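Next up: the structures, one after another.
Paired with chain B in one complex and with chain C in the other, chain A is shared by the two complexes that follow.
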Partner chain A sequence: MTATSSATPGWLLDAEVGLCPCGCIGRRRKGSYVTKTLNRAANVMHQAIFAEDTAAQPGLLQRLDPRVKVVTLFGLLVAVSLVRNVSMLLVAYFATLLLARASRLSVVFFVKRVWLFVPIFTGIVVLPATLNLITNGDIVVPLGTWFGHEVGLTSQGLTSAALIVTRVATSISLVVLLTLTTSWTRLLAALRSLFVPRMFILVLGMAYRYLFHLLSSVVDMYTARRARTVSDEGSVGSGRRFVAASAGALFGRTHALAEEVHMAMVSRGYTGDARALSAFRVQLLDIAWVIGVAAAAVLLIGIDRGF
Partner chain B sequence: MHIPDGYLSPETCATFGAAMVPAWYTAGHRVRKIVKTRYVPLLALGSAYCFLVMMFNVPVPNGTTAHAVGGVLVAVLLGPWAAVIAVSTALLIQALFFGDGGVLAYAANCFNLALVMPVVGYAVYRLLARNVALTSPRRAFAAGVGGYIGLNAAAFCTAVEFGVQPDLFKDANGVPLYAPFHLSQTLPTMLAAHLLVAGVVEALLTVGVVAYLQRANLPVLRINHPDVEDDDGVVTQPRPAWRWAWIGMATMVILTPVGVLASGTAFGEDPPASAGFWHHALLEGYDFTGGKHPNVGYLTSALVGTLIIAATLLAGFKAVQLVRRNRQEAVRV
Partner chain C sequence: MASEALLEVTGLAYAYLGRFPALDDVTLAVDRGERVALLGANGCGKSTLLKILDGLLFPDKGSYRAFAADVTEDSLEDEQFNRGFRSRIGFVFQNSDAQVFSPTVREEIAFGPLTQGMEQTAVAARVADTLGMLDIAELADRAPYQLSGGEKKRVAIASVLVMNPEVLLFDEPTAALDPRTQQWLIELIIELNGAGKTIVLATHDLDSLELLADRCAVFSEGHTIVASGSPREVLADRDLLLAVNLIHDHSHHHGGTIHVHPHTADHHATD
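Take a look at the complex of A and B:
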């Protein structure tokens, strides 16, 4: 994709033409459940590999101590959720774009990743709230009458919708910044040295590791199904039986794997306790970053509340 | 149903965070006690499984697909406490890595999908699948009903969380600061979508997986059902049939005050006019205050009556127990 200098070749990160649900070649048709599941699986792999690639680049956020990064971005999320003016939220949003640039992420990709999915969906959801039927207030765009009542967009409704869309976009941008600039192992290590119980981290780390192992099982099952399909996917009932059976079979594998992993852990001396190597050191850049973020958050809320 | 950041106020998120910490602690403690050192790999793999189940597209008529949550399925397979942790972990991976669900709203999402859904669904499942063999179709059906009710309970909680936002958090001009829809709008929308479509998909997947495991991989079902017989329908520890009688009676006792609401007299309870031989009841007409405080008289009568019946039953039980014990000892001798 956009990460041309990454360790993973670009063609491997491209979505396969044959897997595209909208049918890049030929006429447009709805993807079957098999295709959709395969696409989602491919998407999960793609995102994980891509995040590891971008996290390895020498950018501003990549250089920060992950603990500092987790705490400060969490603080920024809280600050953004406290802001009540659309203009201040826009300022915060453009700041995330600058951070993305400073972290050597492609801004186009970053904007697409944030705006293609959730905020547009959010926009559709909050659209009815702009009507005076939902949000009472001063009508600024009259749309006529309905059963004798005046219907129109209210200024309160429009402000509220704009607030939500910008806030959702800014919040997602912040989380995407964190995940694209921090490798999973460093993120886990950061969480471990913060406040999350060690056992939870252990579960989380293993879950993430074996997620991909089980994902390849799913991909195998569905690819096999696809390979055996000649024309369409058959009836809805048979499709449902296949999904249930594959989910059931997957659980069987999951359990067998859990037993094997446990035996492997015990044979290597596992007694129920976990030890961690934590070699983070807070540097000058981290301190500067913390001060900068704190000042930005205070300014953001301060201007927002009119101090 | 994953709530993104920005829909809920930080106050709401903090409240759910405070609510989830004891739930996670209890769940971790319970699971650790049951499966000892095995719990880390079991929960980790369970979480990965949970993540993948949410990825499965289930075909529904009209050529479209929907996806299930699988919270109740994991609760049936691994137990409700393991499900709390497994679903929470899957939600965290989704929130951090795939932007599905917010980070601030993580605890609220966990409350809906990782606590309410598995616990409510599992309770329904246990109620319907009591005393049923492991391979019985009723068990699969119970799991499906659990999935349906569990998902709808979660949708109900989500709708309430959204619906209280505009009333609690708005600025001086009446602009809603977070989710703008009121309860009267969120509840019908969320519940209609989940009662009609998403709940059915959840139920179908849950039934399908349990039925498949009953046919193909029974040992896996035994993880969470160690005491249940495979096929003859007898549970190793039969529960006393008296339980239902007790529950029924307790319900009636609790409902006693409802009688105060009724007006008039009970039909057909008047003594025949000629029956003049007994006029000296202790609480005649369920009243001893001479009609001055009829409610006090009624409730006191109810209390006295309940106590007398309970004492009689208890005495009867004790007598039966005594006789039975004596007979067993006689047999042993």
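Take a look at the complex of A and C:
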């Protein structure tokens, strides 16, 4: 007698042809929205890990104390927001490109990262303001007539649109420079040693950490489902049901994990007050950087205002 | 008068949500310097007992004494007692993901000593020593989510060892580790025990049992301890292991180890 014959149903012992018995080839289908969303989720992880790589390069900004970096880049953001001249903003923008180069970032990647999304959306927002219907002024690009009125782009409208777009692009470049050249953990530590409450930082740090954990859980769950999906991916409805079910399952997992994490913290003496190692030291380069940034900001605003 | 056991639980009962029993009338004493294995099938209450021993859960019935003092929810609210108790018992969780919660490995290892109020420079030195001892210095500035399972386990152990506890609790220490890491961990446990640490571990790894423990407490699926003895005695008692569902009907005991032969038609032909 075999060990399997008593408990294992007979069909499990027979080989079955998984494909259609006639051997025909099925239709190809594009991935569902669930697949796309999950691929995006996986991409988020990839990008964050990539940011850690660039933060580890031996470039100019990477060598600075993160506290100094946060404060000076914040100062530059304020300076940029005070500039009212497009040419000066362009100078500031090219300076960020030089900084990216000095920090061993790929300039193409850096430019793409900045220009691909937000300025385009900003552009869409400011586009109507370039028309003479919104901003009165001298028409430089006539577009035709509308109910007997001449319609076109005005020089004043174009100037203000360019001002907003370059200002946004420069500001985002500064923020992207900060995030690409500082690892998340050092950034959090810098914020902690500056002015952000400790509990807030602790929660933020753990949230980031468990975001990864949850994202990989989601990807695992979906992969497991796909591995068992033999036939058609199904309708949008089935995808929606899967998302709802996995959201519920994830909630349960998150809760259990949170409880375990809390226990692990309590086990090591946590009673509500977190402390952390502070390992930052301001060096000569940091002082030079602060002086350089302050001079650049004063010069930028000074020339802009015509002093 | 005989000296009091280091850890002692008497008549413990615990049920999750008051409905799902995890422990029922459990009595166990652990002496200083012992290596005790809690042996049992999945879901028999081993992990729950470890959590009670670490003062993370509190029994519905029964008592727990550690280091000659009662451990209760109330007594752990005393700041001084809490600090003393937490620094003397370390717990390595089964799920390293739960235990490794800080942004970097270095901060993870520093978490315990810092919450215990140790000075920054002393903590930094201890962390460096521990990183070196467990051979994970190159991971110091990595984020926990970038680590492999074995690396995470090392970090979890480092984060407990850095506090230099007298008692180490391990929940399924060898589970889901590759054979090399398993062997490393077994050797580490033996070394720590040799240095005077008391070890309590929950396991169902029968192959490593003789290496891991001097004494076993065997849990039944009724959530109580049904037998106690040396690993050799326990492993030789086939009826006991069968009764507590630790081995399959098809396993055989040869010279201190348990083998499982699949009972297929071929195998039985030669049996």
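Methods note: the second predicted complex is superposed on the first by the 258 of 307 C-alpha atoms of A that agree within 3 Å, B and C clash if a C-alpha of one lies under 4 Å from a C-alpha of the other, contacts with A are read in each partner's own complex, and residues count from 1 in each chain.
Everything that follows uses one rule, which is that a residue touches a chain if its C-beta (ideal position, glycine included) is under 8 Å from a C-beta of that chain, and two chains touch if they have at least 3 such contacts.
What you are looking at is a predicted structure, and each value in this text was computed from that prediction instead of being measured.
Partners chain B and chain C, once the complexes are superposed on chain A, both fit on it without clashing.
Once chain A of one complex is fitted onto chain A of the other, the partner contacts of A:M206 extend to both chain B and chain C.
Applying the stated contact rule after C-alpha superposition, one finds that A:L77 touches chain B and leaves chain C untouched. In the overlay built on the shared chain, the residue A:V261 is in contact with chain B and with chain C.
Counting the residues of chain A touched by each of chain B and chain C gives the higher count for B.
Of the two partner chains placed around the shared chain by superposition, neither chain B nor chain C is touched by A:W146. Legend: residue contacts after superposition of the two complexes on their common chain; A:T271 is shown touching both chain B and chain C.
In the superposition on chain A, A:F94 makes contact with neither chain B nor chain C.
Aligning both complexes on chain A leaves chain B and chain C separated at their closest CA atoms by 9 Å.
Shared contact residues on chain A (touching chain B in one structure, chain C in the other): 184, 205-206, 208-209, 213, 257, 261, 265-266, 270-271, 274. Residue ranges of chain B in contact with chain A, taken from their complex: 4-7, 9-10, 13, 24, 28, 32, 36-38, 40-49, 51-53, 55-61, 63-65, 70, 73, 77, 85, 89-90, 92-93, 95-99, 102-104, 166, 171, 173-182, 185, 204-205, 207-213, 216-217, 220, 223. Within the complex, the chain A residues that touch chain B are 30, 32-33, 36-37, 40-41, 44, 47-48, 51, 74, 77-78, 80-82, 84, 113, 117-118, 122, 126, 128-129, 134-137, 155-157, 159-161, 163-164, 167-168, 170-172, 175-176, 178-179, 184, 187, 197, 199-200, 202-211, 213-215, 218, 233, 236, 239-241, 243-252, 254-255, 257-259, 261-262, 265-266, 270-272, 274.
Within the complex formed with chain C, the chain A residues making contact are 1-4, 49, 52, 183-185, 188-189, 205-206, 208-209, 212-213, 216, 257, 260-261, 263-271, 273-279.
Those residues of chain C that touch chain A in the complex are listed here as 51, 54-56, 79, 82-83, 86-87, 89-91, 93, 95, 97-99, 101-104, 106-107, 110-112, 114-116, 120, 123-124, 127, 141, 143-146, 159-160, 163, 250, 262-265, 268.
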